[in-house]
């Protein structure tokens, strides 16, 4: 009989070993599938994991990892704080969309004004939009006890429809030949979020993601609120006795994660995406939940997990391009990677012991 | 440089004097990015058929690759760059939403030629291409006008954009021409592909007494519903031959092969130039699939005559006198719509009572 | 303008069936305390497996049975992750959706471009599976509220520690609930491929699984509520399309937002009633979304 015993304290070796084991297991099973489908398994694995970093076109794909990972890391950093406190914001996708819309709205309203303060104002508006969208589930939980998981998820659907409405209606580009979608902010200098240093991929969203990792790490390890959050997550009742106001914590966590998701949306719409369309939400908000868990809700872990997922996206495209691997096969491979990472995570939290039963 | 290579170069140089050409020892690399999966049975499937036609036509003188299911926006820009970096000299981007990414990437790769489907922005190395689907709509509109017994034909639109509005107007004009009592009911699905919703849209039309359904969405769901209700419809994008002979009585096929072959040939000859191609029935880009025996012979003959008249350029589907829905004159007697008029079409013609959603 | 309510209703019955099945399955899983966001992945799996079986055998009903098995099978991946490996349910569910969509697309290649056999119409010319969905509503209500196993399942979902202390097998109960949810989602997905479109195409469920999740919340975790929710969500779409077909201009995006806003209002009202009246039960299951690990 096999028994799981929770580990006491951290298990640093397992913390590092489990993700490595999970990736290896994915390579093994994935390679098997690729082989069965008639593709060279070694080449496929190399294309996905190695080529984006060190392959022939890695000069381009390496910076692109940052572009792809930045929104995931930015959103996941905020989510993880709430998750640690047992506050489940799963509506970051909606907060991302609303942040993109409110941020872009500022630029579209002021077009074609050029001013240095426009972009900072857009960032503020994006964060405010995401924050406000996140505060809805917070307040509904605090006032009426409504589950923030479900309210925040429902608000994703609402946000998606708001985006469609904006793209077809109020925000439609008047010079867009009747096509849906707003003006392209990349072509509006004061509102654009371009590459800061050519060839690095780094736009303001990448800078913000790095900052978010650092700030959330400081918050969780050095600040009294970080202590409250951890306390609320592990021992809610004790935390209440210690003077932690649960309502404040709910508002703080949902507001913060909403604001960060909103910022991610704004950086994306002003930069890589360029315009508000009905498909502005491409799932970063949901993928970030996976990133938060793969990163064990720890800022450094989230950084690595975000980069790993970005790697599989870009490597997956390369595999399509160079080997003709179908997109669906790449998606299956990614799904497997997530399963293995989530499953193997058990080893960091529990010890497996064999128990002899009579 | 070995002797053989030298000879080849010399030969190439000789041809280059007549028409500049690529050395033939390296295949021409042609890349595609698709917005959907190649198995969508509609839009992307037809573009991929065009890619396969290139391979068929040119054999080992070309090498094609594709990336499927690329979301519009930031990911498209990366996929295009990856294709350019992988050495593709000619890249086809097959969705309207790839427009700004194509322009951006083309600026960075001045030596790579880009072809963007359905857009309106060109550059030195960016050409656009589209098909005159409204020509095909005129033909099936004629069939629809004859075939309806309830004098109500239905139209499932995807999005209210010029291309779709052209199709609605064209089919209505020609249905009315053969049947003055016909009226048209229009439903917008707000999706290019959503089988469940398309089925519901078809049912809504059928319940309104419609007995002929035209669709500008890509799934076969409307045909399945039409069959169950004893109504008829038409294949869209692909032939949808599995619904022959009824409910699918004819089809409009997007046939990209002639254009793709022409452009690849131009690359091989070194005669590629930017431009905007908008070809129709005459160039074989819009094909009317087999008109089945469910259509009376004289109707079939009339439809085929119209098809040939359009194909030969003898007749233009938008020829005056035509009024707009609000009663104002659009085209005077004998006047023919210009391409500019069509490309920004945002009104229904007289006789259609529905409003275009804003 | 006249719109015949009966004809709208008949269309609605079919349109609501996929989301009804998926939502009923998710209802049972959530009542057992499991939040499975992988509904879309299970539906598309069922859509493919069901279509493939119906096509190969020529028997649509065999297709639905296969879809149920396939949906349950893929849900076991989620069950293994959350019940054995104790992974977070939200993350695991999202991973299941991603995996299911990819797997179905990968395995579905040979079935592109062929047609499913036509289903024989059921009583009153309404599809048999539509009837089955309608029968499942009272059946699940009966199971949850009038049977001992249903009571255990609800106890597990309400408070897994207490249920465990009473000697009930939390893990096995949840495993069964997840598998049932998978089977139902599979049937729902197969309804789209076998009965609505009669064809297999990648991504054909087009977000129906996500709507099912909303319906469960709207239902306030009751089977009759799920039926009402499926009719509301399906009804809004059917009605707006119907109004369009009748030539009425409708603000489509704003209208399609309405059921989600209604869901939030219902959730808030039920939560508030529970909070302020101290009435037991009524809103979300107490242990929804949390994992259970017994120390002994």
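So that you can tell them apart, the chains are marked A, B and C in the order they are listed, and the count of residues begins at 1 in each.
The definition used in the following text is that a residue touches a chain if its C-beta (ideal position, glycine included) is under 8 Å from a C-beta of that chain, and two chains touch if they have at least 3 such contacts.
Model, not experiment: these values are computed from the prediction.
Engineer: Work out the mean Cα position per chain and let me know which chain is farthest from chain C.
Structural biologist: B
Engineer: Looking at B-C and A-C, which pair shares more C-beta contacts?
Structural biologist: Higher contact count goes to A-C.
Engineer: If you average the CA atoms of chain B and of chain C, how far apart do the two points sit, in angstrom?
Structural biologist: 37
Engineer: Between chain A and chain C, what is the separation of their C-alpha centroids in Å?
Structural biologist: Once rounded, the distance between the two centres reads 27 Å.
Engineer: Going through chain B residue by residue, note those that touch at least 2 other chains and give them in order.
Structural biologist: 37, 190, 357
Engineer: Out of chain C, which residues touch more than one other chain, so two or more?
Structural biologist: Residues 105, 109, 202, 253 of chain C each touch two or more of the other chains.
Engineer: Pull out every residue in chain A that's touching 2 or more other chains.
Structural biologist: Residue numbers touching two or more other chains: 164, 168-169, 326-328.
Engineer: Report the residues of chain C in contact with chain B in the complex, numbered from low to high.
Structural biologist: For this pair, the touching residues of chain C are 4, 7-8, 11, 14-15, 18, 105, 108-109, 112-115, 192, 196-199, 201-208, 237-238, 241-242, 244-247, 249, 251-253.
Engineer: Using the touch rule from the top, collect the residues of chain A that touch chain C in their complex.
Structural biologist: 4, 6, 88, 90, 140, 143-147, 149-151, 153-155, 157-158, 161-162, 164-165, 168-169, 286-287, 289-290, 292-294, 326-336, 338-339, 342-346, 349-350
Engineer: For chain A, which residues count as touching chain B in their complex?
Structural biologist: These residues of chain A touch chain B: 57, 60-61, 64, 67-68, 164, 168-169, 177-181, 184, 186-187, 268, 271-275, 277-280, 282, 314, 317-318, 320-322, 324, 326-328.
Engineer: Which residues of chain B touch chain A in their complex?
Structural biologist: 31, 37-38, 65-69, 71-75, 77-79, 81-83, 85-86, 96-97, 100, 104, 120, 159-162, 165, 190, 343-346, 357-358
Engineer: Show me the residue ranges of chain B that touch chain C in the complex, using the header's touch definition.
Structural biologist: Per the stated touch rule, the residues are 36-37, 39-41, 154, 185-191, 193-197, 199-201, 203-205, 207-208, 210, 219-221, 224-225, 242-243, 353-355, 357.
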